[in-house]
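Notes follow the structure.
Just so it is clear, A, B, C and D label the chains in written order, and each chain counts residues from 1 on its own.
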Amino acid sequence: MSTPSPPANLLDAKRIEALIDARFPQIHSGGRNLVIEEAGQRFARVRLKADPRNTRPGGTISGVAMFALADFSVYVAIIGSLGEAGFDAVTSSLNINFLARPEARDLTAGVKLLRLGRRLAVGEVEIYSEGAGDMVAHAIASYALPMG
Amino acid sequence: MSTPSPPANLLDAKRIEALIDARFPQIHSGGRNLVIEEAGQRFARVRLKADPRNTRPGGTISGVAMFALADFSVYVAIIGSLGEAGFDAVTSSLNINFLARPEARDLTAGVKLLRLGRRLAVGEVEIYSEGAGDMVAHAIASYALPMG
Amino acid sequence: MSTPSPPANLLDAKRIEALIDARFPQIHSGGRNLVIEEAGQRFARVRLKADPRNTRPGGTISGVAMFALADFSVYVAIIGSLGEAGFDAVTSSLNINFLARPEARDLTAGVKLLRLGRRLAVGEVEIYSEGAGDMVAHAIASYALPMG
Amino acid sequence: MSTPSPPANLLDAKRIEALIDARFPQIHSGGRNLVIEEAGQRFARVRLKADPRNTRPGGTISGVAMFALADFSVYVAIIGSLGEAGFDAVTSSLNINFLARPEARDLTAGVKLLRLGRRLAVGEVEIYSEGAGDMVAHAIASYALPMG
């Protein structure tokens, strides 16, 4: 991506998406609704496309879909930082705060890794609803990293 | 259920399930996999049936499915405690720790409400895998309660 | 402070500090080490001065002191937003991640309120060590607000 | 303690207390108020004695003191499980929910380790106020473990 000195194994958004598709095809069972827009050293941006599976009566997006978006986005930022070595990272905890009820529109998750140690990564996720100003959810996720 | 002096509006597991089915039919889109086994004053027990949607390659249950189970189970315990007044409760935060990788078998969530105030309920969730001894996930969820 | 249209009851950092000193003198028992640097609509910045009570052998700041700093800073941002009506806010939950071991130097907490509803405020806290680039701790705190 | 087959390095409550006193004398600066009542394989029970430093006007115990009690108690349970190898464990995150305002009396924290892996321990803490029935606070703490 655009970091000053990318590691040799750094993958861009398209390449990460292709690799995840190959390894975890079930993520898209029922139709692709998670789209990696950007990924790189310690960051990622992922879009959740609104569709009948994640919208709810009254016109909102389900909390489960926001959890899935947050968890997946941190995973993408880890792979963007570590390359293929990041694929074996596993979620150890996730704390999510629901701040405002989103409309039934696409959501965008912006991830920043606050910590990327040898054993543990901690990512912060801000989720916004397309076309709206206020954050709709905020999450902190910890991932256990595979040891080299 | 079996509490000493149940409030008049207390609903049992079957009745809660029927009411939730009527209000939120989309929960079961793709097939019913959340089954309320017990519910009452400040507690609930809910089963997540393993199926192709929530199992993952290598034979495990997805973290997203465990989040959905935890969130739903606390909601059921709130309805078990408050009756229909609990239907408008909304999740304000959820913190989940993944403790061990479950096998691709049914999961059972046991909920205890640690706090049931006028404005906020806090529920603790212990998730076990069928036939295994150790807890596989633990969650704490806060719900904002509708004001009477 | 510097917001475009401050509410009539908005208090500045010095005034908030004086009011907190008057109401909670025990915060400074043993010596004043929490200093409000800025406060206003949905934000605050508070300094924790390193002193023998909060430093630890090997030259670091205790986790308890970082918790206290995070909790206090969100409280200050609530008062900066609501004025004296905020004094009765009480912490309902706090989630803190320790990211890096700080040196035994002053810490600065920057708070942004992610949500300021009628009943609940949610604040995000970033803690930095003086003179160092990386965040040393991150917290999310929820406060129950007094009802008018 | 009373586990069926204690590891050779298992320390009892008194021995853990003596070792912690020797390594971290500053914990008791201002007077000893944390007392280890029991510790063993994956559990601990610690008392926080009410004193002027941790009581607050109106007659309650400070949230900071409850955080400190929770954090310390999980640390004790790790040492009770791993022996002296546990001394280098460090808190990576702590999530605390304040459930009810305690009276200005002693608090007791009961810890159960939900996970004790090679790299990470997760402890659950229930805090009760002496002589009262309801839980006053609940915490989940993660500790990074030293690698052998």
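Simple rule for what comes next: a contact is a pair of C-beta atoms (placed from the backbone, for glycine too) under 8 Å apart; a residue touches a chain by one contact, two chains touch by 3 or more.
Remember, predicted model here, so these are calculated numbers, not experimental data.
Enquirer: If you tally contacting C-beta pairs, which pair wins, B-D or B-C?
Expert: B-D
Enquirer: Farthest from chain B in C-alpha centre terms, which chain would that be?
Expert: Following the centroid criterion, the farthest chain would be C.
Enquirer: Based only on mean CA positions, could you tell me how far chain A sits from chain B in angstrom?
Expert: From the centre of chain A to the centre of chain B is 25 Å.
Enquirer: With chain centres defined as C-alpha means, what is the inter-centre distance between chain B and chain C in Å?
Expert: Once rounded, the distance between the two centres reads 35 Å.
Enquirer: So how far apart, in whole Å, are chain B and chain D when each is placed at the average of its C-alpha atoms?
Expert: From the centre of chain B to the centre of chain D is 29 Å.
Enquirer: Going by the touch rule set out above, which residues of chain A reach two or more other chains?
Expert: Answer for chain A, listing residues that touch two or more other chains: 92-93, 95, 97, 122, 142.
Enquirer: Going by the contact rule at the top, pick out the chain B residues touching chain D in the complex.
Expert: Residue list for chain B touching chain D: 95, 97, 99-100, 114-115, 122, 124, 135, 138, 140, 142.
Enquirer: Which part of chain A faces chain B closely enough to touch in the complex?
Expert: 24, 26, 29-30, 53, 56-57, 63-64, 67-68, 71, 90-98, 101
Enquirer: Enumerate the contact residues on chain D facing chain A in the complex.
Expert: Those in contact with chain A are residues 92-93, 95, 119-120, 122, 142, 144.
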